[in-house]
Amino acid sequence: MKFKVKSELKYKIKSESTIILSIQALETEQKIVSEELVISPKTDFKELLSSAEANRLISLALKPTENLSISYQAIVENAFIIKEIKEFKEVDIAKLPSDVLSYLNPSRYCQSDKMYRLANNMFGYKKDDFEKVKALTYWIYLNVEYLSGSTNSETSAYDTVTQQAGVCRDFAHLGIALCRALTIPARYFTGYAYQLKPQDFHACFEAYINGQWLLFDATRLMPLNGMIKIAIGRDAADAAVANIFGDVAFISSKVSCEFLDKDFEPFHQHHENRFAISYL
Amino acid sequence: MKFKVKSELKYKIKSESTIILSIQALETEQKIVSEELVISPKTDFKELLSSAEANRLISLALKPTENLSISYQAIVENAFIIKEIKEFKEVDIAKLPSDVLSYLNPSRYCQSDKMYRLANNMFGYKKDDFEKVKALTYWIYLNVEYLSGSTNSETSAYDTVTQQAGVCRDFAHLGIALCRALTIPARYFTGYAYQLKPQDFHACFEAYINGQWLLFDATRLMPLNGMIKIAIGRDAADAAVANIFGDVAFISSKVSCEFLDKDFEPFHQHHENRFAISYL
Amino acid sequence: MKFKVKSELKYKIKSESTIILSIQALETEQKIVSEELVISPKTDFKELLSSAEANRLISLALKPTENLSISYQAIVENAFIIKEIKEFKEVDIAKLPSDVLSYLNPSRYCQSDKMYRLANNMFGYKKDDFEKVKALTYWIYLNVEYLSGSTNSETSAYDTVTQQAGVCRDFAHLGIALCRALTIPARYFTGYAYQLKPQDFHACFEAYINGQWLLFDATRLMPLNGMIKIAIGRDAADAAVANIFGDVAFISSKVSCEFLDKDFEPFHQHHENRFAISYL
Amino acid sequence: MKFKVKSELKYKIKSESTIILSIQALETEQKIVSEELVISPKTDFKELLSSAEANRLISLALKPTENLSISYQAIVENAFIIKEIKEFKEVDIAKLPSDVLSYLNPSRYCQSDKMYRLANNMFGYKKDDFEKVKALTYWIYLNVEYLSGSTNSETSAYDTVTQQAGVCRDFAHLGIALCRALTIPARYFTGYAYQLKPQDFHACFEAYINGQWLLFDATRLMPLNGMIKIAIGRDAADAAVANIFGDVAFISSKVSCEFLDKDFEPFHQHHENRFAISYL
């Protein structure tokens, strides 16, 4: 499905600084029909791919300026499959590809190693991994309050599991940590999000089930098929919108995502059935 | 320099389990003259390379047994350069290779994002990155007590910076976290360690200075040129000796590292001069 | 009911040290028929009452010795009432006595301020405070694993709520924290415990319901009417068996509690009915 | 010295709620010449003394209202002694009064039990307790950034020691925790503060040295003899300006402190000499 995505970020650069951005759509099965990146004042930048996940990064070496503006827009055809998870094939850890294996490890914001008992006490009884992930996603949705400003860039799943408030990033981190604690590989997923209100970058998570990455979103703030993939990673440390080195003040951001085809049919995960979505 | 390294791990396997081991010497400039891996009772295993760092992993699918024994031995020529860091070239973050960039991110056991002020208050005044890393390494050596059993697999740099006790793993994590908080890429390094007492696997850390990875060890328990590299990673989550999935009881481990050439000349970092060691 | 309680603590005193002990039975409605305290080698001590709670403390100024032995034994008639909580009178915080009010505050090991949402999400729907406390006690019993050695003197309710393992002290702290998060005053209670296996000092908690302190024990390891009260406090920081200042090594402890009357009729809290026990 | 202090607190009460306030000057050696408390709309309140410390509390049972205003003003003669600490008498813990003893315990915001090594590594070499407390107070002043909004009501000394930013409450908690870790009793002290900019309630801490409580303030934001004592406690959990139970929104607070005598001679602690101040 075709979308037009835009983001505009403004910063005040107070000292020589570096900003590394992750705002461009990934090119996988997902097709980038056209895209444009405008930086003002005109600044040289370097494009690179993150080492493990091949996310697209833009690296900017900046001199002081009152108003740095980074403007990205693209027309993108996202790519996903919706399918019924009829029967479950148990994960054979010993045979996992090594790039999947690392998503079982705890990470900065997803301390799964501290949550084995909790995760198993709450969700271990479910009959298979798909039911477990649906159940934990639903539990987060029911118990964690979406509350802007309640958390910050240091907040982790270990905080959120008890404090039960946060934003999309925190919902995703908790989902990932609980999955890994159940020995289900899980990773962070960021993107542009159609019908998200208010419009912003969005984060959710993928769990590795039946040999494929399925998308889950405990916020339930948008249809699951309206994502345009930007980046994946272990957690937000790998896939932050912006990593800033230097004395930089954030001024504003503006994000939008528009549907260009007609008749958008939203896909939502149902707690009761076994349909799932996988981004390609 | 040529070393003979050995490790023997014993476990009781109580349920169908998977163990993923990181005990083999890496083949980089470091040469593996010969090596042997014996698993008893005989068990199929799969060798794989970890996705980001190309560490060698052994993946074992196990059935219950009273006494699983994994025995590795190898003759290895380790590879390093000792050099004087005469002048310092400031890191240009915007030009860092992407595989180095990710070692600036906080990770499970190295919450550098929580230590910016502390790291800069303590070490920011030093004239260059090499002096900063030597100073923080020395500070850890002076202030953190090496105390077996004082920490566990959940202990992180955020704990150790205040509680000031731990083992080699904790010393390494704190060094890494402080480096990253100072915007110096840093990573975890494990290996066999000559003259370490008692003999065991060892962990220390590398910092990226002047375009190369230099090795630092805040424990000062062994000469820096006596390491045989096993693995690197963001922290112990990436480079654990063993990741265990299932009901497995640890029985014992036995590690040794013997020097096969003659006249070992130990290299130790001196706080006062600018000689450093880099593994290849 | 009459009990004979004994405790014997042994320490090696390596430097001039102070030990403050809380091992004597309280004299409230509870009657001390006889008691004896023997310290060997003979040592002067001071008896004092803790400021807020009037716990009995023994303060020992010690010189180095290989084997300090503190031996206490007493015959005590404990005092409690078992009653049905027929109807619930809502707490009027504005009218709470000030000595009860402070048991709503968070304390070292009971960070109730971080658990409001969690406590209310889990137990807020229950119809009154008694049902809430019974429910949270039962939840702890079902979900937290009693596991000797899994925690230490720094472990707090904020850890236990997620990590779900601990000993009686941790069970009590979690109960207290959840109560306070629900605006129910709660405090720590230590004592000798009849039929506890293995015999040791025990800790549980009291919640202030209908104008009285009711006893709850999430471990379910002993009958609730077999306690001989030693101390109360905000948490273990107020009511530790021993506070040690100096270089002191713990050698051993031996605790026992014997029933001197006949026909002990155990009282256990039932999740389904509304009988409760209150120590006097 | 005579001061006129005022505070005005405004809240929106959204549900039946209770507020417990600690805003009145204490009557100790400190003399309350006159005082007035006005609550609008007119509301019954209860005055009580906190159990351990005899702080003055006002307990308000409230019905919903758009604009609850609590207005307190008083003319107070504060009482203190400034003296030179000529020689130091070592604390004999075994002889401490029991009301002082409890200020050695860790508390919610002052986890001294986690800071023994750190405190002793940093300040243990100083020759006596007074020098230790001066040194740690100075270290906090130099290293912790006063930054409004950087912390919240859950922030504790364990956070601040590493994150090194906070407000007066955090400075006080860290000072207390470090003292207790050095086996020096320490407690929280709140008051009106002359020449504090901007005007607000202030918090600092007292350490028990030579048998008396001495006042320390790591913020250095005001002269130490310009405090009018409101409350003492283990930490902010005991001495919060307002404890709120119910759905209450804070609207505003306004605090002032005016000097009524002439020729205020400010007393500041000097790092180099041994003059200290003790409130009576």
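Each chain carries a letter (A, B, C and D) given by its place in the written order, and its residues are counted from 1.
What we mean here is this: a contact is a pair of C-beta atoms (placed from the backbone, for glycine too) under 8 Å apart; a residue touches a chain by one contact, two chains touch by 3 or more.
Here the structure is a predicted model, which means the values were calculated and not measured.
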item	value
Selected pair, greater C-beta contact count between A-C and C-D	C-D
Intercentroid distance (Cα basis), chain C paired with chain A, Å	46
Distance between the centres, which are taken as Cα means, of chain D and chain C, whole angstrom	30
Multi-partner residues of chain A (at least 2 other chains)	114
Touching pairs - complete list by chain label	A-B, A-C, B-D, C-D
Residues of chain A that touch chain B when the two form their complex	18, 20, 46, 48-52, 57, 59-61, 92-99, 101-102, 104-108, 110-111, 113-114, 153-154, 183, 237-238, 243, 245
Chain D contact footprint on chain B (complex, rising order)	114-115, 117-118, 121, 142-143, 145, 158, 161-165
